[in-house]
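Sharing a structure with you now.
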Amino acid sequence: MRTKFIQYIVFPLVIGFLFNLSAYAQDTDLKNYRVRFGLTTVKQSDNSRVLEASFIATNKKDRKDRVPVYEADINFYNVTETEDILLGTTKTDKEGTAQLTVPANQAYVTDADGFINLKAVFDGTDGLDSEEAELAVKDVFLELNLKEIDSVKTVILNAYTLDSLNTKIPLEDTEISFTVGGFIKNLPIQKGTVEDGQLQFKFPENISGDKNGNIDVIASIVDSDEFGNVIQKKNINWGTNKIIEVESNKLWSRVAPIWMYIVLSILLLGVWANYAYSIVNLLKMKNEGKELE
Amino acid sequence: MNNKNSENGGTNRRKFLKLGLMSSVTALAGTSLVSNLTSEETTNTSGEKVRLLTPDGKMVEVDASNINKYPEALVTPAESRKGIPDRKFVMVIDLSKCKNARKCVESCQRGHQLDYNEEFMKIKLIQDNQNTSPYWMPKPCFHCEEPPCVTVCPTGATFKRDDGIVLIDNERCIGCKFCITSCPYSARTFNWEPKAKFENKDVPYSPETQVPAAEGTVMKCDFCPDLLRQGKLPYCAQACPMGVIYFGDKNEDIVTNGEETVRFSELINNRGGYRYLEHLGTKPNVYYLPPVNRQFPLERGFDVDEDIIDRYKDVPYVQELKKQGKI
Amino acid sequence: MNTNKRKRELVTEFSPMIEKPHPMLKLWILVLSVIIAIGLYAFYLQFTQGHQITGMRDNVVWGVYIINFIFFVGLSYSGAFISGILHFFNTPWKSSVTRIVEIITVLSIIVGPIFILLCIGRLDRLYYLFMYPRIQSPITWDIIAIITDLVGCFIYLFLTFVPDFAILRDTPDLKVPNWRKKLYRFLAINYRDTDSQRQRLHKITRIMSKMVIAMAIVAYTVLAWIFSLTLQPGWNSTIFAPDFIFSGLYSGVGVIIIIMFLIRKYFKLEKYIVQSHFVMAGIVLLVLSLLFGYFTFSDYFAKWFSHKPADINLLNTLFGRYFWQFILANYIGVLVPLFILSIKKIRTIKSITFAAVVAVLGLWLNRYLIVVPTLETPYVPIQDTRPEYLHYTATWIEWALSFAGVAAFILFFLLIMRLVPIISISETIQHERGQNSKQDESYNY
């Protein structure tokens, strides 16, 4: 009965399911795909800058059908009026993204308005057309100050750009999000707009932090047209440190509770001592018999 | 049998390493690498295919195992007993959002190379009493603070780590099944028969991945410590399209479902979080948020294959629906 | 009184059993060997193809094997208990039954643990139990207890055998092959039945008889704890250990009665195993049936009355899917022996044996109902599982191995009976000596 059930019901169902899966097999003709090529940038807290190009073909009919371009060489340039300065070359990964981290000491050439012009280029092959994406960002500086003002933990952010004479120009009307660092994802704590180059708020209570109560406070500008992505972070000992102690010598731990060893030893010793006593007596008996002979 | 689709599944991580070594060479060899990958794939497949476009415009389908990046240093059974330092992992499952989409189950099966009907994560259809409405309840291993399974293990094959995760070392397990009978949540499964996938020795065994599995030993949900070490969410939490499964570190009080990151204590306090069968005193590390203000009608959950619906045939509510001809 | 003369008489009386095998015996040995061979083949299949060929699955991970394990270990424990009691109180009618009881004790503690090994997925790693022991695990306790019990029972059995080995050694005209004479000489360890030797033997036998009772209780309690220390509905019960103790005795006395009946019938020992033995054992069985019924009732009644959901679930299963098994095990298995044994008029050897058979079968079924239905009704309802994993049905592999276990038990029994007289000669003499001295004492008045 049961095997029949498997034979006639489950098996065909599973086979059907398998065929169903393969029926989804998507187009393989490149004509049905639109190739998307994009460039983003993240300025990190150490002032280095990550350039990220994404290279993905998307089905014209089914936008969910995305095929990343794998192992394609992408060149990143700093574009100036006269020439394109090559910043570096990387390959795309299985997500179709190529990342280049440009060190903090890189001197970018800016245009007249103070924008850094960046460009990612795929040179093109017989099968794939060349691609190019450009991006212009202003170099923005975030300064994070964590202070206890009248014993209120306060986060103060100063944001500015520099003009050609290295004068600080305060940032206006820019949205900043604040998070604290987490193991898997960061925890959002505040969102605000910078006015006159400054933003200030009270740090929330009861943030745990790591085992020593250290917290990474992170301020970031996300997907701004003018600045791209900018991240600044600072570590401070503001955590309440809710670390949970690990108990030992429990029933489930590696080492058993001590009383268990004691009780077991006493029991075993008692019983086996008796056995030994019996065997010793048997041997004595044997010797007595031998003497008789 | 009916599970050919992943029976001889073997994630071939060594092939990835090979790939890594080769990639510097391929800069010269051009794009032949990807085509190599596809032609090589005949015997060992994890079942998961990834479609890629080569730089010379060819659409290829390769086995996911060949391009997935795994931590290079595999965690040995001895190291895996220690746990990730200063962490205490916790899961929160929001029952109001679950609609039995089963993506968690499937993703977990792919990640752990389980067959079609072997599952670490099960979706139960629970009705607490006659007057309350039933709800879908994803049930992983609860990684209890007082794990009865670990207490009864005669060889220490299953153990609780400092980060709260309960794992099984299948090289130590003698298969006495006592842990299975002592788990009140039926979280554990047994490998009842020899399978081809157990023989795949390309990957060194680690209790953190439970791959390759071994015949005659016990397995269960492991909270995916291999992914955690990479700072990623477990397979189930990653895969859930509804963001039902939150996961994180209780020490830093942060949990996330990938989309939304919140404080664990706030989530539990504000949403009436509870633990299943609290009265048993096992102190689970999986919390549930009650199924209030549902985002989906329960019936959405029956939008699955017939043989999956069949797995709920003993539930009174399902029998009632069948009588009414609704499913 | 001439002890030596009496010894010779007794040896002559029992020697046919030892000297030349009963014609039927060879047939029996053949049949039993075939059953064991089939069991070994089943084991080979299970070992090579994995546990998938048994009926055990993810929910019911323990099946008939563990039930046989409980049953045989229970038998051994009750054997040890009864034999210890008989020796300790120097019961007058013990001489004809002690040997049977002692052999049951040792054989079932050998056969029983084999069944637990059959439950283990990785027999090749069995030594891990000693390499990486965890003191907290009840399995560890069980292993320690069973090994200790096994050694204790062996020593005890040997102590009771020594005087008979000596008698057999001292009977040169016994028609047995030379190797067996040598074996008797070796096993008799120079026992000459001198006063000092007799006293020494008596002393350690008395100690060991107490030891064996204690060990039996500890070992069987630990076995009951394997179930009752888990959180499972139906298992997590404080009554389990005492219940196991009494139900073990119930099955043990039942098996003793059955074996007494068979030996009496096929080995023509009507003179030694008499009706009064059966009546005595029958009365013990009667008391035990009351106790067993009482414990079983208490356990299920408390569950029913307090009606925790998980318990009610279990009871619904027991009275639903397992209705007839439940009736057979817990009603028929208690009430029928109770009825037969409590009416004096119908207490014949045959009826008592029938009651014992009902008791033993009922008790085996009772163990089945303790193990399987609980595993089929866990706290979290069994859903989202492949349909073939829902319920447990034992396969032919499990039955083949179960019968092989019973066959091995019988085969070993028959072989031991070829080696030593099934009625202890030394005990019989001691018993008669005791009666004589009592008579002497009464003359003195």
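Letters A, B and C mark the chains in the order given here, with residues in each chain numbered from 1 onward.
Basically, contacts are C-beta pairs under 8 Å (C-beta built on N, C-alpha and C of every residue); 3 or more make two chains touch, one makes a residue touch a chain.
The chain lineup, named per UniProt: B = 4Fe-4S ferredoxin-type domain-containing protein; C = Molybdopterin oxidoreductase membrane subunit.
This is a predicted model, so every value here is computed, not measured.
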Requested in this report: Make each chain a node and each touching pair an edge, then name the shape: line, ring, star, complete, other.
Outcome: complete
Report task. Between A-B and A-C, flag the pair that has more C-beta pairs in contact. Result -> A-B
Query raised in the report: How many angstrom between the C-alpha centroids of chain C and chain B?
Result: 46
Requested in this report: Could you put a whole-Å number on the gap between the CA centroids of chain A and chain B?
Outcome: 19
**Report entry** Where chain A and chain C are represented by their mean Cα positions, the distance between them in whole Å
**Finding:** 62
Report task. Specify, in ascending order, the residues of chain B that touch 2 or more different other chains. Result -> 148, 151, 156
Query raised in the report: Can you list the chain C residues in contact with two or more other chains?
Result: 134, 136, 387
Query raised in the report: Hey, what residues on chain A touch two or more of the other chains?
Result: 6, 251-252, 254
Query - chain A - residues contacting chain B, complex - result: 6, 9-11, 13-14, 17-18, 26, 28, 30, 57, 67-73, 91, 94, 96, 122, 125-128, 179-180, 182-188, 206-211, 242-244, 246, 250-254
Query raised in the report: In the complex formed with chain A, which residues of chain B make contact?
Result: 2-5, 23, 26, 31, 33-34, 50-59, 67-68, 86-88, 116, 146-148, 150-151, 156, 159-160, 162, 228, 231-233, 247-254, 256, 258, 261-263, 265, 305-307
Query raised in the report: Where on chain C is chain A touching in the complex?
Result: 134-136, 141, 144, 148, 151-152, 155, 159, 162, 189-192, 194, 196-197, 200-201, 203-204, 207-208, 211, 214-215, 218, 387-388
Report summary line: Within the complex, chain C is touched by chain A residues 2, 5-6, 251-252, 254, 256-257, 260-261, 264, 267-268, 271-272, 274-275, 277-279, 281-282, 284-290, 292-293
Report task. Over in the complex, which chain B residues touch chain C? Could you list them? Result -> 117, 119, 122-126, 139, 148, 151-157, 172-178, 180-182, 184-186, 188-194, 214-218, 276-277, 280, 282, 308, 310-315
